[in-house]
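Below you'll find the structures, each written out as structure tokens.
Two complexes are shown next, each including chain A; its partner changes from chain B in the first to chain C in the second.
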Partner chain A sequence: MKMHSLKASLMTAAALVLMALNVQARAAVSAEQLVTPIAEYKLYVLDNLDQLVDHTRRFTTAVEQGELDRAQSLYAPTRVYYERIEPIAELFADLDASIDAREDDYEHGVADPDFTGFHRLEYGLFHNDSTDGMAPYAKGLMSDVNDLDSRVRDLTFPPSTVVGGAAALMEEVAATKVSGEEDRYSRTDLWDFQANVDGAREIFSLFKPLVAQQHPDFVARVTKNFGDVEKTLAQYRTTPDDPASGFVSYDEVSQADRHALAGTVTVLAEDLSTLRGMLGLD
Partner chain B sequence: MNDVSANDAPSPRLLRIALLLSLLLLLIALALFTLSLRVTTFGGNAGQTVTVTSDGCHPQHLEVPAGRRTFTVVNHSSRAIEWEIIDGVMVLAERENIAPGLRQTLSADLAPGHYTMTCGLLSTPGGTLEVVASADGPPPPSTADIIGVLAEYRVSTILQLRELHQRIDTLAAAISDGDNEAMRHAWLAARRSERQLALVLDLLAEQDGDSSADNPLSADLQQLEKGLFESNASVSTTAAINRLRENLEHLTPPLKALSIEPSQLADTSAGLLRHWHDRQRSAGEPAALAVNDLAGLTHGVDSVVRLLTPLLEPRAPDVLQQVRAALSALQASLADDTTTGTSAIQRLNERSLALADALTGINPALDMHASATPPEAAESP
Partner chain C sequence: MSHRDRPSRCPFHVTANEEGTPPRRRFLRGLGLTGLGVGLAGLYPGRVLSAEPLQTPPQGKEVTSAPLARDPQLSWPFHGRHQQGVVTPRPATGMVVAFDVLAGDRDGLQRLFETLTARIAFLTQGGRYPQRDPHYPPPDSGILGPDIPPDGLTVTLALGDALFDQRFGLDAARPRHLQRMTGFPNDALEAERCHGDIALQFCANTLDTCYHALRDIIKHTPGLMLVRWKQEGTVPLLPPSPGDFDGSARNFLGFRDGSANPSNDDAALMDELVWVDGTGENEPAWAQGGSYMAVRIIRNFVERWDRTPLGEQEAIFGRRKMSGAPLSGGNEQDVPDYSDDPEGHITPLDAHIRLANPRTPATQHNRILRRPFNYSNGVEANGQFDMGLLFICFQADLDAGFITVQQRLNGEPLEEYIKPVGGGYFFVLPGAINQQDFLGRSLLNATA
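Let's look at the complex of A and B:
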């Protein structure tokens, strides 16, 4: 009995010490310090939106003018700018659905009248190998992207969404990119994959200075895992290791590399999900 | 066990009862343990459970009090789902990729109002979530709210600085071309940009201990104004524009990094409008230039009001209403350039002061006070 109560009080004391340490650790990041990286992140998103508007204009013009080859080649490079800023873009439920939903999100699949956007165009361009009937979807996509651009400009970014965005992007990769279901007709999944990694890495880099001192192991582990993922991805560029070149078809990715990527990305998602707590934003 | 003597072994019956009793105790302990786990998982009485099947959310309609609420989402459908709380078209909170058969929790800060819930497929009808006001009204803005506003203000400052940069470049080009009409036009545009940034320019000058004089950019622009608009002035416009560009280069980095207190947004905006009003009445500078200044200032106030709107809306709709009414009245007077002359100036005087007064209602309504120590992220509720 005595032993038990001694043990209990020891544990209570330990818990109190831990709580005190925890409070101190969290107070080390002041609200003021968070303003800069969040503002920088919005500027990053705005730059990518400019590019998205620009590329979407070229892509949808090619579709409307019936230039199949050009439209096919512009599909993946255009999506990159959406995939990088997905944590913010998907905050608008209506536009996320009309721009980026997949056929499985609808009861009637490809035939569903509400199925529009990138993946509806992907189905036409890569499954049917045709631009026939695609002009209305191209027009709709352009107007949705313009709408997204103006809404994001007016949006005050919620700090916890920004910080949580790094993990959200990696979860997205783990859930839908590694399986190859995102771009099932074009097989351009690696473009999206890289763009999600870019977006997550941007967030990590912006907030890293605030946690580097207190959590050096976390920073080292995440940096190494990002490096590993990018190294594997770089092997599948059309000109290997040339960051300016595109990617080969997802079909060419070996089973071993798919497994390795899945593992690293899952660890990244788990690690990055602790960033919010480290910054006192949970 | 008093009847069991030292010589006698305990009867098998007694042993069996003891065994049963200890088993029972074990079961009770296990039950208590499981119960305590359940309580922590469901977040006590605040938790709501929503089960998603192939035909939607169960229950289809939820009602919770305002504040931080926890939801447990159980996926009883055959595919991975995401569950979201949506306000109009905005996703307020979401849990993505909940695998079939699994449950996930999420917490969200909810203000009173009607929300929808996504329940599996986009074509599946959504559920509804009714958040009812709690008796003690909405809490003051959270640390995260304040960080969001200050970060957004930083972004708009940086974007406005880019614009000021471009306009000063245009002005410099017009000056080297020597085209009088273009010079005046470009000066007015540059001055509006500078006045739009007056809040941060003044705060920076104050931090540098130089609160009495005009900020350097304003002083340079006023020097140029003399050269461009006063026919008999002997000002070297070339020297003045060069100094302006140097000062802009010099001030851009500290302006981009300037840290401000949330209460300074409304207070400094009100102060700038009052200052314009007082100077306009005493100095009697050419009306067109004063109106141009006010147009720039009003742009700056407009961005402050936009930023504070989401904070004011749930907490002080009456204050927000007054500010918006005063702002649009002033904007309407500024846009109405058909009526120049004393009565129009008189109206701008009244309306700038009315907007300043409305702005001073903001900080008390949001419980924000001047020169408070910056809030710590760890203190978020």
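Let's look at the complex of A and C:
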């Protein structure tokens, strides 16, 4: 399907959903106004899913073929596409657990038989420095990601989940990225951090036109704070300020910058938690 | 000096000079008991709480009733020369929370001080939050319901030495004795439970009131500060006892703690020992009416303590365990007397109270106002409890007060049973004198 016709059909679908949900659009926003940003957001998610499937294939192949260096270097860039669309991916709790759970989520930690997915592979690749025994996890991850891809394609996106996703992503950052707990063996937390911010910013940008007139201070503050976070993150690119390059280890982030990031992220989480209210969404 | 040494009060005691009502009457009124003719013998936990006669619950009732509040309307004035929570009678619960300041400049710091002042002024007096469109997150956590009772809440704002670094240009106005806490020989300090740019001390009748206030403050200060550590504690409530004298509360070693503490309702003594006098050379003028707060999280090895003979326990403190009386004789409220015991045959020379306060003319100015709470956090890897004392004390001179007293205590026999693991030194800002004022204003003005 061509992009614009896909978008047109998504918009029709979104419009139907909104009517069915009888969205109570108070303030300045009507249900029809939500149709375009939601359709655009679904396109964003599908685009990232394509990339996720593609990168996961290369990553898991490297693991299965025992190419340790290559697998290590593909770990963080692959996760980016998952972290960007987490508000949607998380709707499938079973897959979210098998793809992205951390060892802390299991009573028996790393040894727990249910512990699979990215972080299980991370433990093997970065803690044990080995691909030994990792092939089954790689296979499982690939099949989970394919499953996610097909489930999301069939999903009608609930407006409050989409809009609330911006805040949810900042909560993710506040809860696990700022403390450096997410990627404790690879220390690639900054990749995930940036991806969460990308995802939140995308949502904010799509809905911004609907609130800009009534809440100019909010828009200015959020825009500035996203800018501040990205500026700090950009200093920790392997080539500073080059968006095409990766990130250094989280260990290298100074205490002052951790504080600066934590502060701005908290303000973003507070502000973005009001976006649903501004749009009158439950 | 002896007449000044008074037992510290029962948690709900309100001193006469602060409220104009004799303590006991007010205490009873708080409980709704005055004039009810309830015999003291009937005052036991569970019953003491209710002004109403106990009712038989209606048949088939499915609601689990909440325990009834004791004195939810008790409130302490916020505005004044001094902050609350220092000489205010100690309530049943307390909590210290230390923060790193995230604000990057003086404007941000001022916004933080102003916001804290406004929130504390509201929370300590109680009231209602404004309504908000339900599509938004509610303005309040709701854990105390729609009407926020003051519940005896005090919130005390204090600054750590760290805040006086290059960030805000405060260095020139640093209180003279403010310094970073350094470890004493028996300490095993854990970095994540030490220091901080600022500290807030919350005290209230219930911990829920402290938590509510903390969450309100966090919600109002995003981007301005980040929690560094937090420790809460309680003191056991006593049933009111007949007669005038209430014994002090016990700590987790089972001893009465607070038997010999400078009297918090003796204003002249508090001026001498607790409040900073900014009129002389010693301290910057802006600091007048402030105080130094030393906080120490001191673990108690309670299992081991419970396997220690009573006689040894009493020798370690220099007091009788049950009565709190000094080994030198008399009752709890009697002042320990070492004058005819120079060799420590009655009260060992290394007993905690004798080292802490040798009661010589030369050590009078080392006295401190202690206001501690007992804490219990959980279980250590070895299956022993992480419980102990959230030690808090106030003094006008940190070096002459806490630091000197702790140095005298270094090596005391009690050390075998305790381990300081955290805390910090903080300067309690002078009070906000009226609605136009805010906590920290005098400091910012002094460095403008």
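Criterion: the second predicted complex is superposed on the first by the 255 of 282 C-alpha atoms of A that agree within 3 Å, B and C clash if a C-alpha of one lies under 4 Å from a C-alpha of the other, contacts with A are read in each partner's own complex, and residues count from 1 in each chain.
The rule is short, and it goes like this: a contact is a pair of C-beta atoms (placed from the backbone, for glycine too) under 8 Å apart; a residue touches a chain by one contact, two chains touch by 3 or more.
Keep in mind it's a predicted model, so treat the numbers as computed, not measured.
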Partner chain(s) touched by A:V248 [first = chain B, second = chain C, both, neither]: neither
Touching partner for A:A260 - first (chain B), second (chain C), both, neither: second
Partner chain in contact with A:G280 - chain B first, chain C second, else both or neither: both
Which superposed partner A:V53 touches (first chain B, second chain C, both, neither): neither
First, second, both or neither for A:F92, with chain B first and chain C second: first
Intersection of the chain A residues that touch chain B with those that touch chain C: 26, 279-281
Complex contact set, residues of chain A against chain B: 23, 26-27, 29-36, 38-39, 42-43, 46, 90-97, 101, 104-108, 112, 114, 154, 156-160, 168, 171-172, 175-176, 279-281
Chain C contact footprint on chain A (complex, rising order): 26, 259-260, 262-264, 266-267, 269-270, 273-274, 276-277, 279-282
Of all residues in chain B, those that touch chain A in their complex: 79-80, 84, 86, 89-91, 96-97, 118, 121-124, 143-144, 146-152, 154-155, 158, 257, 259, 306-307, 310, 374-378, 380
Chain A-facing residues of chain C, complex: 100, 102-104, 133, 135-137, 219, 222-224, 226
